[in-house]
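What follows is a structure written as structure tokens; I'll ask about it next.
Naming follows writing order (A, B, C and D), and every chain is counted from residue 1.
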Amino acid sequence: MTLGFGVVGTGAIGREHINRITNKLSGGKIVAVTDVNQESAKQTVEQYGLDAVVYQDDKALIADEKVDVVLVTSWGPAHEATVIAAVEAGKYVFCEKPLATTAEGCMRIVEAEIKQGKKLVQVGFMRRYDSGYVALKQAIDKGEIGQPLMVRAVHRNPEVGEAYVTEMAVVDTLIHEIDVLHWLVNDDYKSVQVVFPRKTKYSHGKLQDPQLFTIETNSGIVMNVEVFVNCKYGYDIQCEVIGEDGVAYLPEFASVVTRKEAKLSSSILTDWKYRFMDAYDVEIQDFMDSINKKGEPQGPTSWDGYIAAVTADACVKAQQTGQKEAITLQERPVFYSENTVLERV
Amino acid sequence: MTLGFGVVGTGAIGREHINRITNKLSGGKIVAVTDVNQESAKQTVEQYGLDAVVYQDDKALIADEKVDVVLVTSWGPAHEATVIAAVEAGKYVFCEKPLATTAEGCMRIVEAEIKQGKKLVQVGFMRRYDSGYVALKQAIDKGEIGQPLMVRAVHRNPEVGEAYVTEMAVVDTLIHEIDVLHWLVNDDYKSVQVVFPRKTKYSHGKLQDPQLFTIETNSGIVMNVEVFVNCKYGYDIQCEVIGEDGVAYLPEFASVVTRKEAKLSSSILTDWKYRFMDAYDVEIQDFMDSINKKGEPQGPTSWDGYIAAVTADACVKAQQTGQKEAITLQERPVFYSENTVLERV
Amino acid sequence: MTLGFGVVGTGAIGREHINRITNKLSGGKIVAVTDVNQESAKQTVEQYGLDAVVYQDDKALIADEKVDVVLVTSWGPAHEATVIAAVEAGKYVFCEKPLATTAEGCMRIVEAEIKQGKKLVQVGFMRRYDSGYVALKQAIDKGEIGQPLMVRAVHRNPEVGEAYVTEMAVVDTLIHEIDVLHWLVNDDYKSVQVVFPRKTKYSHGKLQDPQLFTIETNSGIVMNVEVFVNCKYGYDIQCEVIGEDGVAYLPEFASVVTRKEAKLSSSILTDWKYRFMDAYDVEIQDFMDSINKKGEPQGPTSWDGYIAAVTADACVKAQQTGQKEAITLQERPVFYSENTVLERV
Amino acid sequence: MTLGFGVVGTGAIGREHINRITNKLSGGKIVAVTDVNQESAKQTVEQYGLDAVVYQDDKALIADEKVDVVLVTSWGPAHEATVIAAVEAGKYVFCEKPLATTAEGCMRIVEAEIKQGKKLVQVGFMRRYDSGYVALKQAIDKGEIGQPLMVRAVHRNPEVGEAYVTEMAVVDTLIHEIDVLHWLVNDDYKSVQVVFPRKTKYSHGKLQDPQLFTIETNSGIVMNVEVFVNCKYGYDIQCEVIGEDGVAYLPEFASVVTRKEAKLSSSILTDWKYRFMDAYDVEIQDFMDSINKKGEPQGPTSWDGYIAAVTADACVKAQQTGQKEAITLQERPVFYSENTVLERV
């Protein structure tokens, strides 16, 4: 079955997904689009030669019978309402992060989804589809390093603009580690503390950079996560899991090695877009395949969206207080208890 | 436009391409299949739920108006006739290696294609679509290592069966290096000499293993290529280009690095299927996109198929004589002179 | 001039230094030995065929006119008295760690040395002589990574016995990082906090393992140091300095790389003795050369011994309180202000 | 016992050894020196503050009773006469390469030494003392990669002057691989063939650069050795041994790894002096220790010097003919049959 996609939000990320579904992947078709800027929606249809209706708003789009999946790529504050409306209409949803801008909003989506009795929503945390993270998780799940005790993660960006302030290190940057790390070790977070090292001269008045987060999980795993967004040298994502029997590393992004000018070297990316480009393709293809084969998506759930929101709130608080802050989740509903991770691999 | 594919040969590789086109990529549809074993053709249609006609033979399949592309995945000796028939019918062709089993057969295809006045044929040398080789070629083309002077390539396999004899080191194994290396340095081959090192105890009476090929190009680049098909430890493809200003390496296949049991290590593949899996997808998607956007495929041409055949013949002769053997190509037709490599990247 | 060494303590480390000075290095000669176990002292003279007097105690040994240097390799609690006596006699001293078992004891040595008006004492922190650390420091000092902002260090041991308890992670293990890290970034420590991750099953009741130390310096550099003494897989010392313009790593210990059994791997040491073996040689040769050429040793000073003692005390306290503990040093005497690091390299 | 050294030749390498024996190592003392340039000999004594007699010539120096070892660091053509005179006087000899400038000359030394009934001579092939080569040989000897089948070696230099012509690629450069490779695999050479790849633009009229040597051993191991002396990028020594069960590599020279300016990189040496600096120390210390402990040196023998001379002759011939040339050694005398390699390790 070809899934009909209705796209809410035709900005950059929306168009990328439209292109992906239309020209690279198998199993989906864009049948409807909408945007608060109707002109943008129309241009998109034209640009990609889509056979799609342009709707006035998300409500009308959701109501279209040809729309099987609502792809939410509007701006963050609009996500919650669209997702809930889609869920209540029994439509599948692929929602770019954040699922909602507050933990409460995420919980309302969780409740709406449980009411439907079926998993409908996937959140766009693409790292879980990166071949490196998948391989790292497999190594851990197979017991190659024994029980994890510590994690060390690094999220570095060459530079950010003036608009990027201290809090955004959590909500824009760390958010990806927040999602991927608990999935990696199959555990829940308990607390977080933040230390601000000496600030790089390349930062500005409203941005502490770098930042070091120490996150503890329920089972006592300690995760040191560095966010350094003006590191100058490149876009660099590292992850290392230290277990009772050994250590496993996220693979470096593969690149040509050269011997030249007295250096043995390989390239580090400078643009984040290339780092997880394949992961976006795999993510959307898996989303479509899972719906077609199992009747529900198997990626990050609404509950994962909720975990991200609660954890991000605690991290921001920890930035402000300098103290260890609790990360307090509600009890995980049975509805989300099934671990479908390994089936996908 | 969705391209209609007619598949000639529904063995393992045929079915993989059918699955790829049907379930993973965008722009193609299987509309017809045939196989000398009609039962296999029928099972394939059923297995993948295809909306495709099963034909008695390639002639009938080629005649189907819905067939835009003939995908040739039959056994080698059958390729030439199918490809020529398809070309004469003005159909696009994607032909798995070998294009034909003789240099003369390849030349007949070349002539048929030139007669049509349009590039129709792409040969299935997938390595040119591997992200590592693409990056290596980019580094060379950009002049990062200056003029290439030497190449060192390694093609190792964990083990082969009794049916694999000395000559197959050329026609089954080295053939991939034959195609990719001249493309990599943009040069033509001139001669080849083979040396047989001490034979591994894991080989058998009819197989010299390993083998070392020294291939020279017109401009004097010397390529040392090792074929070692009972190397035991893994499937390992290496390529290193030594230039006037530096050296560039094909990236190692990315894998999780571990520190465990007194070793810092990463995995080496043991099954060749995983090494170029992505390259097959990119290859077929590029084939379809090029036809749709430019009206002709941009990958390895019939002429490349001819080069492979002539070179393989010389390599086999060199295995037998122990002498340096000339690799003598006819003059490259203007028709194939256009270098479209960089456009694709 | 050949320096006459008087050795106080003929246990394992004492004998190693005796062998080193006698059979591998140039410029020194063992002329006297003593040990609380006189039999051990005598055996040592015999074992190495020394032309050396066996003294009853350190006092007598120090008084020997042929003794230019007192090599202190007795057990820790005896160090202070011997060092002070030697300094007061105007003799050079090479003292294995600890300089003294308390910060006050170290300060008494500092004062005795200042009174002599001349640097006489070197403490046996050999890492500063490891070619890897030297190269790392050179990279930092040359500004290759800009101003350091963070350090990440790892000190892992395959396993320890029952006698090794939580506190020893500081005084036996972390002590090496304590000395080498402030030297590396040329800064003083300000505070330390300790987190205990989930305990490895390979540890025992009296040992928290692993442990994570977060040490801040006066200029705001944050150092995350992991001590993990039952890591099972090997003896592994890592150090990474993250600066404003880049990151620099302590080189991995060089070893043969192999491709074997589906792994690309290199060995990790399991015995710490081999890791810094060369550094011990360089350390003692430099000690002798500096005295001969400049009239005073140029390695870790009494003041460095004092820094180590104060910092270790704070780290132990932080283990107990779980809080951030201040590291409060007295003001650095002008006597120790000269930075002679770069001259040595 | 302290060995008395008489040094014949006080040029650069002679002075380095004098400094090494005098100021870094244990067990030797320079007691006599001579040089065709007497002024140079006198200056050397002064420069290093030696307590040594300056002799008119090698004959007089050899006759000095205090001279236990003759260190031959004069220019190549003078080696043979000095070595033979020293051997006939029953003195130990450490002779820098070449042992003699002809195979016949080497054979005369071999015969003189056999006549003395005792190994007296060590040739200055220092690579056998490099920790990397030692570790590689250990891995091979322990059977970690099974029976060696192929070797790939690379000898690259950043650049050479006009005086360096084609033949010197053998006698000045390849000569080190010639010595170390047969030792590494414990086999004798049988033939050599040379191929000249396209010449680098950085070379000059009298120098083919790079050059590729294919050397076969008696047991059929094939060694590909690249000599590339204007490679521009650095001084780079590589060695890889491919065996029946795996591959082992000479370790890269350890250096600080950095992440900087979009590159993950480590340094490659540009000056050959630093590459084997430690090996020179180990070599001379082992030479002295072996004489003291076993009564004879254990490093490269006169016979190894003879092997090098015969092999170099064949390589030069192969440069000229372009054909496969035989490497024909006389039968190895029983006198040199003892394999003392492993004892040293």
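The definition used in the following text is that contacts are C-beta pairs under 8 Å (C-beta built on N, C-alpha and C of every residue); 3 or more make two chains touch, one makes a residue touch a chain.
Note that the structure is a prediction, hence the values are computed from the model and not measured.
A.B. asks: Treat touching chains as neighbours and tell me the shortest step distance from subunit A to subunit D.
C.D. replies: 1
A.B. asks: So which one's got more C-beta contacts, A-C or B-C?
C.D. replies: The greater number of contacts lies at A-C.
A.B. asks: Can you give the whole-Å distance between the Cα centres of subunit C and subunit D?
C.D. replies: Taking the average C-alpha coordinate of subunit C and of subunit D, the gap between them is 37 Å.
A.B. asks: Take the average of all CA coordinates in subunit A, do the same for subunit C, and state the distance between these two points in whole angstrom.
C.D. replies: That gives a centre separation of 46 Å.
A.B. asks: When the C-alpha atoms of subunit B and subunit C are each averaged to a single point, how far apart are the two points in Å?
C.D. replies: Here subunit B and subunit C have centroids separated by 59 Å.
A.B. asks: Quick check on subunit C: which residues sit in contact with 2+ other chains?
C.D. replies: Those would be 232-233, 245-247, 252, 259-261, 266.
A.B. asks: With touch defined as at the start, can you tell me which subunit C residues reach subunit A in the complex?
C.D. replies: On the subunit C side, the touching residues are 147, 149-150, 152, 195, 197-202, 210, 212, 214, 216, 219-222, 224, 226, 228, 231-233, 242, 244-247.
A.B. asks: Can you check the complex and tell me which residues of subunit A touch subunit B?
C.D. replies: Subunit A reaches subunit B through residues 22-27, 131-132, 135-136, 139, 144-145, 245-261, 266, 278, 285, 289.
A.B. asks: Taking the complex as given, what residues does subunit D use to touch subunit A?
C.D. replies: By the definition above, subunit D touches subunit A via 232-234, 236, 252, 259-270.
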